[in-house]
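Next, two complexes with subunit A in common: one pairs it with subunit B, the other with subunit C.
For the complex of A and B:
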């Protein structure tokens, strides 16, 4: 079975209740829509307090190329534009909408009929993806149209679709594959057309045999789409590791997948592209896994972007008394929430509740040079050395030791028996090394 | 509610491994050899082991508490390992005060003076053993004979000769006096290869039984506490080197099997050279480190002033670890 070669860890999978169908959640009374839900240049709101909005109406503007529109997931009145805590614990600009009814823009096709024929041209697809605010739903929220515009002098040879879901606990991509398989494959065809490639691979880890079987069966009626089963190994969903697992090709240090002819996207992004191109629907809803070992009703909820997370937690049976930590995302790369007064964004894949006992990090002790971090690092770095260099503020040498190749997957800290804050140090190191590099 | 939320950076899960589990795993791996020592050397061995462990724990606790002014971490098991390994490297009849002094050197000088757990360059137990060997050469080389045989193996001395040479010491001394190896091997005090494997011969209390040490080694491999590279390269290179010498002249160079099964080679290769703190990190570096240990051991045994070379070989190679780590870096993805 294929997987990547260097490093990696295999934490307990805990894919709880993965076979239960997703549940569509009712609309909230008030929605919180963050103005910036993408990686790139910041946007400005184009609505003001008191404005009436409809579902699908554009809420933000941005003159830059690396940017993504945000559309209203609700109909109602803009209550205010205010600063709200986001998942990273910073207060960010958000449009607060008092929800009234559920009135959609008329040009959005809300029917469930599957539209298979792709009528738009390559350029039109890219324009539509940009217009509809599609971002990478694998976690980074990078504007998708940027990936689809192949830079001058480079050619795309194949499309790689991430259906790996290597983070423990998360099942939203799995549910989407099982429930919207055909739409995902049409979305993949759309992305293939946009970048002009014949071949697309969908990588799925073999802890999801039903999804592998189902998509492989559907893929037979699609041109050039191949489902590739992969051995379970974290971080296989990281693009460099995924490309290696499927093609045995390495993206050179400091380069992008396109430099070796690959474009990587995700199953949920493909589905969003399908809805945007075939249904004229902006990215305004998604699946969110609400999970945890002690959570009463572990489920995947289909919710509008902007739904307060308190609603999701309530739908999952409430926050149990012994909860210590609530994580937005998976346990390996997710962010511990500072405040529950925040809302679902395009990038919210899961809410993971950890009980009090599992919420604390171990007390760090001296490094015993066991080399487990070196063994675990999927980028071939030496985390013990890098963190020591950060502690000594030797940023010059950090650059030489390839600190900027770190993908922040967390394998080092996961495997450190001394509970050294390796990843925390590496993040500080990357920041300083980048500053040093830009000065040069 | 919000006040109760715990905030920390990712990852939010951790492998079940921690330092204490690793250290206590090594302690478990050392137990078979300890049992064998008590079987062959009796109560003396038990006393030496207990004194070494207790004094190592005490010195670590006292230094952390009163000199470092830190919370003592003696429960992590690392001082227990040092104590056990030190005892394993001593004759079971060593005066108790020397054992205590050795513990002070191991913990105080070789470990704590460098900053404690994980910071020491040299294996603490070996530093202490060499200190004792140089300071008290007679006491450190008066090896007690075994008190009972096992499976009919082992030469049990009468009450008139309580101490004697180890098989390795006997061979090396004999060769120095130009006695042919074949004559030496036939002597009463030389155990059979099976006897060497069981440990039915004199020596430092924990080094005698290859089988007990191998058992511990397999356990550590299974627990992924050690990797195969260092023991394989150490034993393999010593074997090949000794094999070549033996092929050149079997009457002045002892057989490779005798080299492997006598003295401290097995103990050194499996428990001392594999110490995470004082060995290289990369698999290739570990191979080179093991190779160096094996070759140096044979060189010291054959041409050196001491009959045994394992401790010195490992300590010398310990000094090269930073260089080896610098030379053998993992390959960076995409480079």
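For the complex of A and C:
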């Protein structure tokens, strides 16, 4: 079975209730739509208090290259533009909409019929993806059209689709593959056409045998799409690891996948691209896993972006008393939420409720030089050394030790028997090293 | 007897030979150095604190000698005496800079800004700052992890366990700037020490609008501009919903203090007022 070459860990999978179908949640009374839901230059809202909006209407503008539009997921009136806590831990600008009915823009195709024929040209597809605000739904929320525009002098040879879902607990991508398999594959064909490649691989870990079987069966009727079963290993969903696992090709340090002719995208992103191109539908809803070992009704909910998370938690049977923290995302890379007065964004893949016992870190003690972190690091770094360099503020050497290759997957922190805050140190190190690099 | 004599001769000649080599090398590779560098280096306090912007006292001495004057240079821990002595050694005049002292412009103590979340990550302010607003919820306030205290070389700071805020020991602080640089949120400011160490400053850096600022901290500056209106010396400026008192313009009249609705303006080392005693609750800093 294929997997990546170095490092990685295998935490308990805890893919709870993965076989239950997803539940579509009713509309909230009030929606909170964050103005910036992508990685890149900040956008400005183009609606004001009191404006009437329809589902699918554009809410923000951004002139920059690396940017993504945000569309209204609700119809109703803009109540106010306020500062609301998001997963970053700070208050961010959000448009608060009082939901009235569910009136969609007329040019959006809401039917369930699957349209396979791709009528748009390469350029039109990219323009559509940009217009509809599609971002990478694997977690980073990088605007998808930027990935699809292959820089001059480089050629894409294959497309890699991430259906790995290597984070424990998460099941939203699995549900999407099981429920919208054909749409995903059409989405993959759309992305293939956009970057002009014949070959596409969908990587799926073998703890999802049904998804592998289902998509492989469907893929037979599509040109050039191959489903690749992979060994379960975290962080296989990271693009460099996924490329190695599938193609046995290494992305050099400091380079991007396109430098070796690969474009990596996520299954959920492919589905969003399908909806944007074939149905003219902006990215306004997504699947969110609400999970946790002590959660009453673990489920995947299909919700609009902007749905308050309190609604999701309620639908999952409420927050149990012994909950220590609520994480937006998976247990390895997700971020603990500061406040429950926040909403689902394009990048919210899950809400993970950790019980009190599991939500605390151990008391850090001295490094015993066991090198477990070195063994676990999928990028071949030496986290114990890097963290010591950060503590001694030796950023010059840190840069030489390739700290910027760190993908912040958390394998070092997970494997450390001394509970040392390795990842924390590495993050500071990266910040400082980046500053140092830009000075040079 | 012979053996002793022989060894003495051998070692004496060996010593003489080595001395000769050292003498030749010393002459041949002699580096001409301005003797002033050594003189000035001795005059400096030798704390190597970096407050002058140069790494180490000797490097600072070299810089002074190269420049030939004290213009634009200052040694905060040495103070006026050191600067005058150096100027005398150089044979130039030097303007005396008024001594400065670090001031913590945040009063978000555990009582004023109650803890809402728990933080268990790395005990380093810069990291916590990149993660979230802080335990009290103020996006600009003190994170209480003491990175400023760790960099202080003069034992002039400590963390108050009760309030969770750093405290500056006035007698020991030399105004070297180390804590100012260590704070990721620009909470600590170097201000003029002032006459009899008296200072008035806005003890808040929250840039949010009034209502939000109050939500996270009961003594936050809400940007009401009342202090600006009452000030007769134009010392108060308002920016980003936050008042700032310019220490060069402030005449320490204390008119703004009773105006502040949230008691965000603090005074230090003033004698108690005669009439309104409640306004002068001294705030340790």
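The rule we apply is simple: the second predicted complex is superposed on the first by the 440 of 440 C-alpha atoms of A that agree within 3 Å, B and C clash if a C-alpha of one lies under 4 Å from a C-alpha of the other, contacts with A are read in each partner's own complex, and residues count from 1 in each chain.
The rule is short, and it goes like this: a contact is a pair of C-beta atoms (placed from the backbone, for glycine too) under 8 Å apart; a residue touches a chain by one contact, two chains touch by 3 or more.
All figures in this text were calculated on a predicted structure; none of them were measured in a lab.
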{"item": "Partner chain in contact with A:91 - subunit B first, subunit C second, else both or neither", "value": "second"}
{"item": "Touching partner for A:338 - first (subunit B), second (subunit C), both, neither", "value": "both"}
{"item": "Which superposed partner A:360 touches (first subunit B, second subunit C, both, neither)", "value": "both"}
{"item": "Which superposed partner A:424 touches (first subunit B, second subunit C, both, neither)", "value": "both"}
{"item": "Which of subunit B and subunit C A:170 touches, first, second, both or neither", "value": "neither"}
{"item": "First (subunit B), second (subunit C), both or neither touched by A:83", "value": "second"}
{"item": "Contacts of A:386 with subunit B and subunit C, given as first, second, both or neither", "value": "neither"}
{"item": "Contacts of A:371 with subunit B and subunit C, given as first, second, both or neither", "value": "first"}
{"item": "Overlap of the subunit B and subunit C footprints on subunit A, listed as residue numbers", "value": "89, 335-336, 338, 360-361, 421, 424, 427"}
{"item": "In the complex, subunit A residues that touch subunit B", "value": "6, 9, 11-12, 89, 168, 240, 244, 250-255, 319, 323-327, 331-340, 352, 354, 356, 358-362, 365-372, 374, 377-382, 384, 402, 405, 408, 410, 413-415, 417-419, 421, 423-424, 427"}
{"item": "Of subunit A, residues touching subunit C in the complex", "value": "83, 88-91, 335-336, 338, 360-361, 421, 424-425, 427-428, 431"}
{"item": "Parts of subunit B lying in touch with subunit A, wherever the complex brings them together", "value": "1-2, 4-15, 17-19, 21-22, 73, 76, 115-119, 276-277, 279, 281-282, 329-335"}
{"item": "Residue numbers on subunit C that touch subunit A, as the complex places them", "value": "116-117, 120-122, 124, 126-127, 130-133, 137, 139, 208, 212"}
